[in-house]
Amino acid sequence: MLKQVEGSRAVAEAVALCRPEVICAYPISPQTHIVEALGERVKAGTLAPCEFINVESEFAAMSVAIGASAAGARAYTATASQGLLFMAEALFNASGLGLPIVMTVANRAIGAPINIWNDHTDSMSQRDCGWIQLFAEDNQEALDLHILAFRLAEELSLPVMVCMDGFILTHAVERVDMPSQAQVDAYLPRFEPRQVLDPADPVSIGAMVGPEAFMEVRYLAHVKQMQALELIPAWATEFHRTFGREAGGLVRTYRTADAETIVVALGSVLGTLKDTCDELREMGLRIGVVGVSCFRPWPAAAVAHALQRAHHVVVLEKSLAVGLGGIVSQNVRTSLSGRSASVNTVVAGLGGRPITRASLARMIVDADEGRLDPLTFLDLDRAAVGRVLAREREVRRSGPIAERMLLEVKR
Amino acid sequence: MMRKPFAITLDPGSSLANHTGTWRTTRPVYVDRLPPCNGACPAGEDIQGWLALAESGDYESAWRKLTEDNPLPAVMGRVCYHPCENACNRAQLDDAVGINSVERFLGDEALRRGWQFENPATPSGARVLVVGAGPSGLSAAYHLARLGHEVTVRDAGPVAGGMMRFGIPKYRLPRDVLQAEIDRIVALGVRLELDAKVERLGETMARERFDAAFLAVGAHLAKRAYIPAGSSARILDAIAVLRSMEGEEKPLLGRRVVVYGGGNTALDVARTAKRLGATDSIIVYRRTREKMPAHDSELEEALQEGVMVKWLSTIKHAGETSLTVEKMALDDKGFPQPTGELETLEADSLVLALGQEVDLSLLDGIPGLEAKDGVVQVGPDMMTAHAGIFAGGDMVPSERTVTVAVGHGKKAARHIDAWLRSTRYAKPAAHAAATFERLNTWYYSDAPKTIRPMLDTLRRQSTFDEVQGGLDESNALFEARRCLSCGNCFECDNCYGVCPDNAVVKLGPGKRFQFNYDYCKGCGICAQECPCGAIELVPEAI
Amino acid sequence: MTFQPIKFYQTGTFTVGNRLLPPDTRTVQANVRRTNSLNSGHRACQGCGEALGARYAIDTAMDATGRQLIATNATGCLEVFSTPYPETSWQIPWIHSLFGNAAAVATGVAAAMRVKGRDAVRVIAQGGDGGTTDIGFGCLSGMFERNDDVLYICYDNNAYMNTGVQRSSATPPGARTATTAAVGKDPGNVFGQGKDVPAIAIAHGIPYVATATIADLHDLEAKVRRAMQVRGARYLHILVPCPLGWGHGPELSVTMARLAYQSGLFPVYEAEQGEVTSVAKIRHRVAVEAYLRPQKRFAHLFDPAPRPDVIAAIQAQADRNIRRYGLAGSES
Amino acid sequence: MFQVRIHGRGGQGVVTAAELLSIAAFREGRHAQAFPSFGSERTGAPVVAFCRLDTRPIRLREPVGQPDAVIIQDPTLLHMVDVFAGLPRNGYILVNTGRDLAALGLADFVRERQPGRIATVPATELALKHIGRPVPNAALLGAFAALTGQVSLDSVAAAIAETFGEKLARANIAAASAAYDAVLAPRVEDSHAEAG
């Protein structure tokens, strides 16, 4: 059924269709609308049976989800930014214990300086925590991915993070096609936990494992997550059969067949990129776009295949590995090892900085003509940082760069 | 069945595979120790044993356990000076357990319910002569009978009981109680012959084919002391006075009676005199109260009843209506020495209570028998120098109490039995003492002793009613449950409960516990928290 | 053997067993069929008070719930010594997640049971004083505040023992740990710090709060039973001496717990709906010195330079407890 | 694609206005995308919301830099924020005011533009009259429908109806209709004048 609805509400409705039994709610922008909308459904009784728990922190949110999942309940929560970092310890635990929790991350920057706007620093910081990470391009995909995520999580007994850009998607009102309960029920089987806390068949979950077996445990975790690389494409196809539209998959290509320059990106910026791509192609440039929808496990082969004809690969990232550069870029490079194509890292949209067609076009043209720096910061106020660095050179003094930066930008 | 993730999810209780016993450097072991009460009992009663049975309200079992050692609990519960209570560890906590009163309760309960002894084991065919139907003789007869021997008891007196009857006044030991316990022994098949003085033992045994004899004629001859006296002075001896109390003719003592001596007999006479109507009943004793051989409880009761005592005094001369008394003083060695200071004491009669001697005449003509200091010498097995002839009670060297006598009887019976079967009775080795220090008294409720009711003084001065009452069922039970079970497991489950490694196995009621050394780490909490000190830690051999 | 009702049975009052008491009034630990929820073969130190406390509490809870029990466990000694791969000592469904989230995980388990309509299954969260009063305190308070149907049991051994005896907010004043020397002028823990978590629990107004020690099993079991009769958030704080961290002989673990109670330093009481409803009067009160002396962690108060001032301050604390909770006037 | 930028202050329902507009377009079978200028603005702070209307799916996620129309909910912003940034000569301008634009100091600005593309409406007055609260957004959408013809008044009314509770919806629809008429009326007169 078609609807014109806010992204958060769309996701909430889709999650509700997946019949979660325990939902942990803790407020943090820009995720808050999702749990609020779920709360309304529990209150209204349209989502039942379901325990809606107002926890005291994100750490508790994930911990409650761990308990619920270990006891055999389908558990869900949502968070963002600082919240994701505050639950970091529990994230590793949930994946280590193999608990199929599904969580929405409304991607947002990480402070300091505190910033509520969108980028990918939060989920990128947890890329190695053992969770599967799926990125949504638009609200339709955001809600579809949640349905897929529950199935994936429970099949592999692994937790799944569905990442959607904060505000840009969560707060955008646009058209979505909401599946029916019958469709979701047909696609998503009942939760049958791999291990469960039950007095009828007692087990101890979460043993201390020493050097004699820890390596093996981690190895098996890796193998298990890699299995998602086979399952996801298969289920994307099945999803298409059930719901009549594309969703999920490992990577999505756009006009890459003959592309010389390909931009790789995650999330909502892909839309703007595709529009830009179309414009540039009208100017005769052979540009393509590759969207990575599954970031963990990293679909090395699929990415390599998608980029096989490109001369220039530009990785557009909404995150920065301070002291290195690109995070996604590093993953892309592993897929292209032994290939001649240049891989540029373009850091863009940090802390909600708008990513415009114009800037993208300029950047892509530069890349196409091989003029792009290996590490580029899109729309960086060079004058401002220049002034700061100059002053830094004059007086060596530690202190909050952020504050002085603001002053500089203002002048 | 769930598909458990490798290593992080484990099956329940699987740690049993890990035998932590290997960590142990010391190992706990269960021990049994000799409780002070048992250790102090002249009759060798397993006091803790029968108290434990009484604790659960099973009085018959308790009584049967008690009478394995002593056939006269109702008597003992009245006349024993209970050294057990003086030794009781509980005295260091609040008051000693009232063992004597529980014993009396059990004895009376048995009489009330008419409990009888189990009949003897298969007859041995051996015949044993017991001479003397006092506590020692009766005890021996009882034990010998239960051992299957054919026992004949002969006594010179008209009734059985010996000193229990002729020495102890009825206000301390009612005769019906005494008689009932004697009858119960007789009911075992013991042949009791009264007014049958054994003149020549050797011949008697030969003629009547006795295989062994136990002599327990007691000490009935009053010691005399030379006291210058006027012809009309009325001087009697204590034994005669007490014996005549059992006959028709009550002794004529007059209004002012003086008793000379410091033993229990002196007190018995003085108290008897009071009851016979004497206005003054005065004891003259040459030493101090501390030195007095009589038991303090007896003295206390006597004083309560108005008996008076002149300490540090001897009698120099007895006249018709008065006595001359000399004051004494203790020298540095603690012996009384005359001071030459005289005084006169009004008295209608003087009763001498200076101790008793044994009538050894029946031993005439028995080769080898030796008497020293007026008593018969016996070995550790109670056998005289003449094979097959044993002796006990007041006629052998020892403290002269009913309890000691009963103990002799039991001990002699065991040796006689062994001798008849031509073996030797070996006393089982005694356990180490269960001292107070080894107890963890926290676990015992605070519970002071129950005081037995006493007859009011007025009636004690005028009647021969029993002075000391008994406990009723509920407070006898209470008293029994005050027992700390020193040194012996009473299954409180502490060790079973406090073991952090579940390494104590509970074997069920009466079976106690055992350690599972596969898991015991040797921490020692069980020993530390054992209330009665029945667990010991010993180093592991490494 | 003829059986009769007991008016007085002196060992029945305080020992684990009481063979003459009616079966229904005997302790779970005295029962040959007790569940041994924490099974033999665990790797706790010799004389571990926590191992004892955990078995006491969980056995009773299993008995009270007909074994319909699930436990969550904070990181710490209890978790490490009970479940080292490949063996676990637990007989019940049990999960260890993290150091600071036992209460929250329990909330999740309880929610799962509720949503599945399995109301018979009860949930216990357990941890040491570090996991409870420090790192897990946020989750604990949250669970209290929501009044989730969880019994949280804190096994308090006064410090971080698993990591080698470091100070926690449950470390008593004057006690020496590996990290107390660094703060304050004395080697022992400074006065005026630390957290009274049972009192804080009471302040949450939850249905049931109680303290207990491993020295009085009857009291401890009664409190676990009471706790299992109540729905909603419940808190049980059990003092469990640690031979290693306290520096006393392994055989003294129960005795030390008893002295803590007898001295008044560890008040034993019960509270319902925010009100203290009963206290365990002190039987045979002792001076705090009797409790302090056997422990190496307090040795610096006696030797080489005796500190009567510090001991007096500790005694004052005990006296304050006795006044505040009315612990004086023992019944035996 | 038709892009709208709405300027106002927090509490004036700027974001809701954009959402309502997108819903109205959606009901006419078009694709629409409404989103706020994300932030944690509090009541009274300047707020911007955007709305894109198109016949094809909308992929573009950048803020609206070259609007086809700007709606100014609060004329006090006129000289605070560059509300006309990126607006082409023939772009639509809708201002919430009871006075004429000259009075707002826009005389010169207006002179260079097509008269038919500029309108004012006393939306706040209408809101107070019909709703009882100074929330001008519904009224402005009515005016927007009249000014641009991008959506019909019926669609706007329907969007309002599906978003608000019945009573509030009725009041807002009344305000929207009133604003619609207010904008339409003078045009009709103009056309007569030309004819005449």
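We just call them A, B, C and D in the order they show up, numbering each chain from 1.
We adopt the following convention: contacts are C-beta pairs under 8 Å (C-beta built on N, C-alpha and C of every residue); 3 or more make two chains touch, one makes a residue touch a chain.
Quick caveat, the model's predicted, so the values are computed rather than measured.
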**Asked** In terms of C-beta pairs in contact, which of A-D and A-B ranks higher?
**Response** A-D
**Request:** Would you identify the chain whose Cα-based centre sits farthest away from the centre of chain B?
**Result:** D
**Fill in**
The distance between the C-alpha centres of chain A and chain D, rounded to whole Å, is 35
**Message:** On a C-alpha centroid basis, what's the spacing between chain A and chain B, in Å?
**Reply:** 93
**Prompt:** Where the centres are mean C-alpha positions, what is the separation of chain B from chain C, in Å?
**Reply:** 50
**Complete:** Between the Cα centroids of chain B and chain D the separation in whole angstrom comes to 116
**Complete:** Multi-chain contacts in chain B, i.e. residues touching at least two other chains, fall at 7-8, 10-12
**Fill in**
chain A residues touching 2+ other chains are 97, 201-207, 209, 213
**Asked** Going by the touch rule set out above, which residues of chain C reach two or more other chains?
**Response** 82-83, 85-86, 88, 90-92
**Item:** In contact (per the touch rule at the top): chain pairs
**Value:** A-B, A-C, A-D, B-C
**Asked** Along chain A, where are the residues that touch chain B in the complex?
**Response** 96-98, 157, 193-196, 201-207, 209, 213-214, 216-217, 220
**Complete:** Listed in rising order, chain C residues that touch chain A in their complex are 67-70, 72-73, 79-80, 82-86, 88, 90-98, 100-101, 104-117, 121, 138-139, 141-142, 145-146
**Complete:** Listed in rising order, chain C residues that touch chain B in their complex are 1-4, 7-11, 13-20, 27, 29-30, 32, 36, 39-44, 46-49, 51-52, 55, 82-83, 85-92, 217, 243, 249-255, 258, 284, 332
**Residues of chain B that touch chain C when the two form their complex** = 7-8, 10-20, 23, 55-58, 61, 442-447, 474, 477-478, 481-482, 490-494, 496-498, 500-503, 506, 508-509, 516, 518-519, 521-525, 527-529, 531, 537
**Item:** chain A contact footprint on chain D (complex, rising order)
**Value:** 18-19, 22-23, 26-27, 31-36, 38-40, 57-63, 65
